[in-house]
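What follows is a set of structures to go through.
Two complexes come next, and they have one chain in common, chain A, joined by chain B in the first and chain C in the second.
Presenting the complex of A and B:
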């Protein structure tokens, strides 16, 4: 005979209801977010149908658009994977925007000034970008383990230093600014990378084509997903994130592992910058990062720190970004995309948190 | 001498919107919220202030609209991070993206409306500091009342004690019967009102119109100021003034014939805050539970 707790008869039915409740909550909160976005478009005096059509045409209609979406997805995914690694270790890095642009600047410097065969210089540029991003995240890591400076604050502040650093570099002709051409005003941007250094593209323009950067992104995702789940490193990392005290007692070296995770996430952001640079933008300027760092962080959040879930989430964000470029043609300002993105992030955060809140509020007998 | 007076006046002028927001950020951080959405609060405040001024035809009424926008952003932030316990940094960043997108999307062209200057006779004639302190737009003088009020509220009132307890040791505060998350929400709402006012001041007092992304990172500068000041009110205001001075020098130095690199001056608030954090880390520290969500029963 099995022991029955009081209220067990009740508990038989409860899971069915709560299993239904969560998807319902997701549906409702996404519907609210989209309704708000639709209301905004209408208030702005535009047609929702036109906006949706433009979003579709810019992101999924035909090979070139799909390629564009994948190109937008690539850096988002790499940034998100890095953010996931540090978040799993219980360290919150929010400075990806800065690490990304510093990485890209380092990549540009290598790509422009290092002599050698194109493919080698290109690989070095990506490596340099990752190292520079890791270095930029390394400063907060050192400050944290040496002086106890809060990582979140330090990484955030470093973003704005990074922006000015890059702005400084592209405004100096002895650093990264483009070479002077007779009769032309110098812009604060670097020269275009030489052809050989750029990442090759698969497929033919204007038909389906995508940058090889996406392959890099998928490889990084796969490796991290595997290591987090099966590797010793991943196990220690998760242990550190879930219970730092227990992890330390069990012999996990917090500074090395946690600091390493922070460096890795910075390195991923830097690599994302390098891939953006060598895969499609080809030159660095002050506005290079274009919110990719922030949005990559949001991808990690929406994916609830699961590397494999990050792939579809990043693709979805990529669709929005690619479609946003097309929106302007319908007269709807492309800023609509940031509004929709933010609303969807809030909508994605709501149901799980709400379920959690309900669970806490339920009386102790049932819990 | 004249140039010192000029730079000082311009430093104070640029520091005023930061000071409003910094007051609020200081209160919020004392209660344990590292409020990143202060940037969105300021930007939203600036936008609605201009919209409200256009609607009512009065720039002063615009200030109230700005406060309302700041409160709205704060309300959403408070619900997400101190009711639902969603990571406060993520909520903050998302709100900043949302407000930036929203204000850029709705970007409106209005005629310039500015609140009046209030020049205090005699005092404004004092050399060097006179124009800086006594020749500003009238809402700037609100600071003279708000700063002591905020100090009293946080350091001397019962509410302030409870809010600080929520920021230092939420578990103990909870045990003594303080509703930790409620205090944090209230502190955040105060921050929203003050940051909204700061953004509104920027729009309808300093500039007169709204430009896309007109706060341009001032909110982050405010966060840096609170850290630079070691989470004290005095230090925070000093930080705001130093950052205002850096901004003023960036604008004034080229005209005076000096060259100091502008990128360095723009980055200086953040570098100063990082240095301050590094060196004061052992002596002056922030609230112990800063940025950590409070959930009863989990230590």
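Presenting the complex of A and C:
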């Protein structure tokens, strides 16, 4: 039997309530999202049960589906890890969509035009993709530390510049556009990467098959999680994010560390583009990024900036992407598929966003 | 952070998932079909013998655009309904996702996959895979896709359709005593640039000093940008506009109707439309080509590995039709198309030498 101090029972209730709040929020959030989705699907003349079954079949039922889900998860996770690094430094990079496509374009240029053994060119393509993404994020970093331009605005605007830049490149035969074939109108895309440059795949469709990019994603996640938790760099980064003034007083060089975090974040997005390019798409196209940058950012938000939590969250988003594509092939209109998956994404993101808002509104003493 | 609990969960969940993955070989709803027996090469259409005929359609554009891409689905639906088949359209497809979507359709055991545009041609890489074995493939190739044994395609020539469209626009300009026309399209893609070139060449065959004002809005479906482009062109004095667009076509034409400026359709026959009025229907609708392929499919005569070329002046489509012709306007355009068909008019030379 344990002895309790007067008032201790009351004090214990708060943490229990607090612990229950998050699962409850998720339950309510998903219940509302599913109810709305069911209503929309039913109004559209389809069965919600069939839709959910198709989502499951497309993402988790069988080797091919699971492989597809992990393939979809891989770039989301890499983008999310980058977003987490910059967010931990208190810098909000929201330009991953642009950094990803610029990275992929650089990777395509290296993969197509640099001579050498396939494995080496492939590795260089990935490295080049990461560097290009970092460089693209470097522009807002310079603007912020040199001229005080808001990082959120600058990184966002750079997305549109990136889209136009890549669209320009894949529409010019002297840049990245595919090789002309007699009598054919060229499409806005590059040639396919040579086979030797591509990331190897395990297994073969329609059996279980998987791009090896997931190894890169897990390695990046592991390293970042370790460094953030145990490394001196991670400690300084967190300190900078939590209290920039105290960090500066403690000798942290904000421009170098914060700017570096932004570069790493862009580099991760660029690497994600490189992995998509060499792991599955094999050529750069104007619509290449396909919202992976935005969704990777959401993964970081839902994971509340914890690298290891980002793994299952990215997997959930991967399930939605893989399952959504399969659902569309069952005859459910594409727009309805987009609405259903968006509702589920919102359900996943809402509790995290709500918690963040609550944290900001809470008085400093409580925090 | 409570590291051990969360990390343990993650490190247990991920390998478990992978092990599950290794153990599963089935591909979902329809089963994997890996190494399954090849469906009948002849005697279409229920090639996989599942008791129903399903046509999967992959489109890069909006299949509710009231124009080019919608015609692809609408015409397929007409043939499908007459035969009791099912049509499953997937629209607004990202080219980077084309292979995955093709695989998804194969897993749904469709009998024929129609690829709406050559930009989605990467989908064809799924054709030799076991899961897609026996599935018939149709490509609306336009300018053409490198032919393989796995698919059949329809081809037409942008120079023919757009030269004839330009010729019709030239006649409208001549009738109005004007020399300026507008051309509004989406992204600055090769086919859109080639279309503008051919359109201008046709226009100048009637009005030698005709000027074509070209605007690339960057988006075939963005009505706001397209309307803005039209207003800018109107201010420069255009008397004919060609909205070579997708979902934004009607928005521009309605503005043109209000301004008394003639408009041409980008692919479909809209002469009967009473709300949005077109002066000329330029018909190169992919639906017409696809419907013909589906008729062959129904008869069991659709052959993979072949291409059908649709020629102006020879086939019923592509063609150009004045909605309310004045004088000999229709006769003159008919003669131009006939000359293209017989080879009397070398349209490629006419377009290439235009500038």
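Everything below uses one rule, namely that the second predicted complex is superposed on the first by the 311 of 367 C-alpha atoms of A that agree within 3 Å, B and C clash if a C-alpha of one lies under 4 Å from a C-alpha of the other, contacts with A are read in each partner's own complex, and residues count from 1 in each chain.
Operating definition for what follows: contacts are C-beta pairs under 8 Å (C-beta built on N, C-alpha and C of every residue); 3 or more make two chains touch, one makes a residue touch a chain.
On a predicted model such as this, the values are computed, not experimentally measured, just so you know.
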item	value
Touching partner for A:360 - first (chain B), second (chain C), both, neither	first
Which of chain B and chain C A:165 touches, first, second, both or neither	first
Partner chain(s) touched by A:346 [first = chain B, second = chain C, both, neither]	first
First, second, both or neither for A:301, with chain B first and chain C second	first
Chain B versus chain C as contact partner of A:260, first or second or both or neither	neither
Contacts of A:309 with chain B and chain C, given as first, second, both or neither	second
Contacts of A:54 with chain B and chain C, given as first, second, both or neither	second
Touched partner set for A:143, first chain B, second chain C, both or neither	first
Shared contact residues on chain A - chain B and chain C	167, 171, 333
Chain A to chain C touching residues, read off their complex	54, 57-58, 61-68, 70, 167, 171, 181, 183-189, 205-208, 210, 218, 229, 276, 281, 283, 285-288, 290, 306, 308-309, 311-312, 315, 325-326, 328-331, 333-334
Contact footprint of chain A on chain C as seen in their complex	1, 3, 6-7, 9-10, 13-14, 17-18, 20-29, 32-34, 56, 86, 88-97, 100-101, 103-105, 107-108, 118-119, 121-122, 126, 129-131, 142-146, 158, 187-191, 194, 218
Contacting residues of chain A [partner chain B, same complex]	40, 43-44, 92, 94, 143, 147-150, 152-154, 156-158, 160-161, 163-165, 167-168, 171, 291, 294-295, 297-298, 301, 333, 335-339, 341-343, 345-346, 349-350, 353-354, 356-357, 360
Touch list for chain B against partner chain A, complex	34, 36, 76, 80, 83-87, 89-91, 93-95, 97-98, 100-102, 104-107, 217, 220, 223-224, 227, 261, 263-264, 266-267, 269-271, 273-274, 277-279, 281-282, 286, 290-291, 295-296
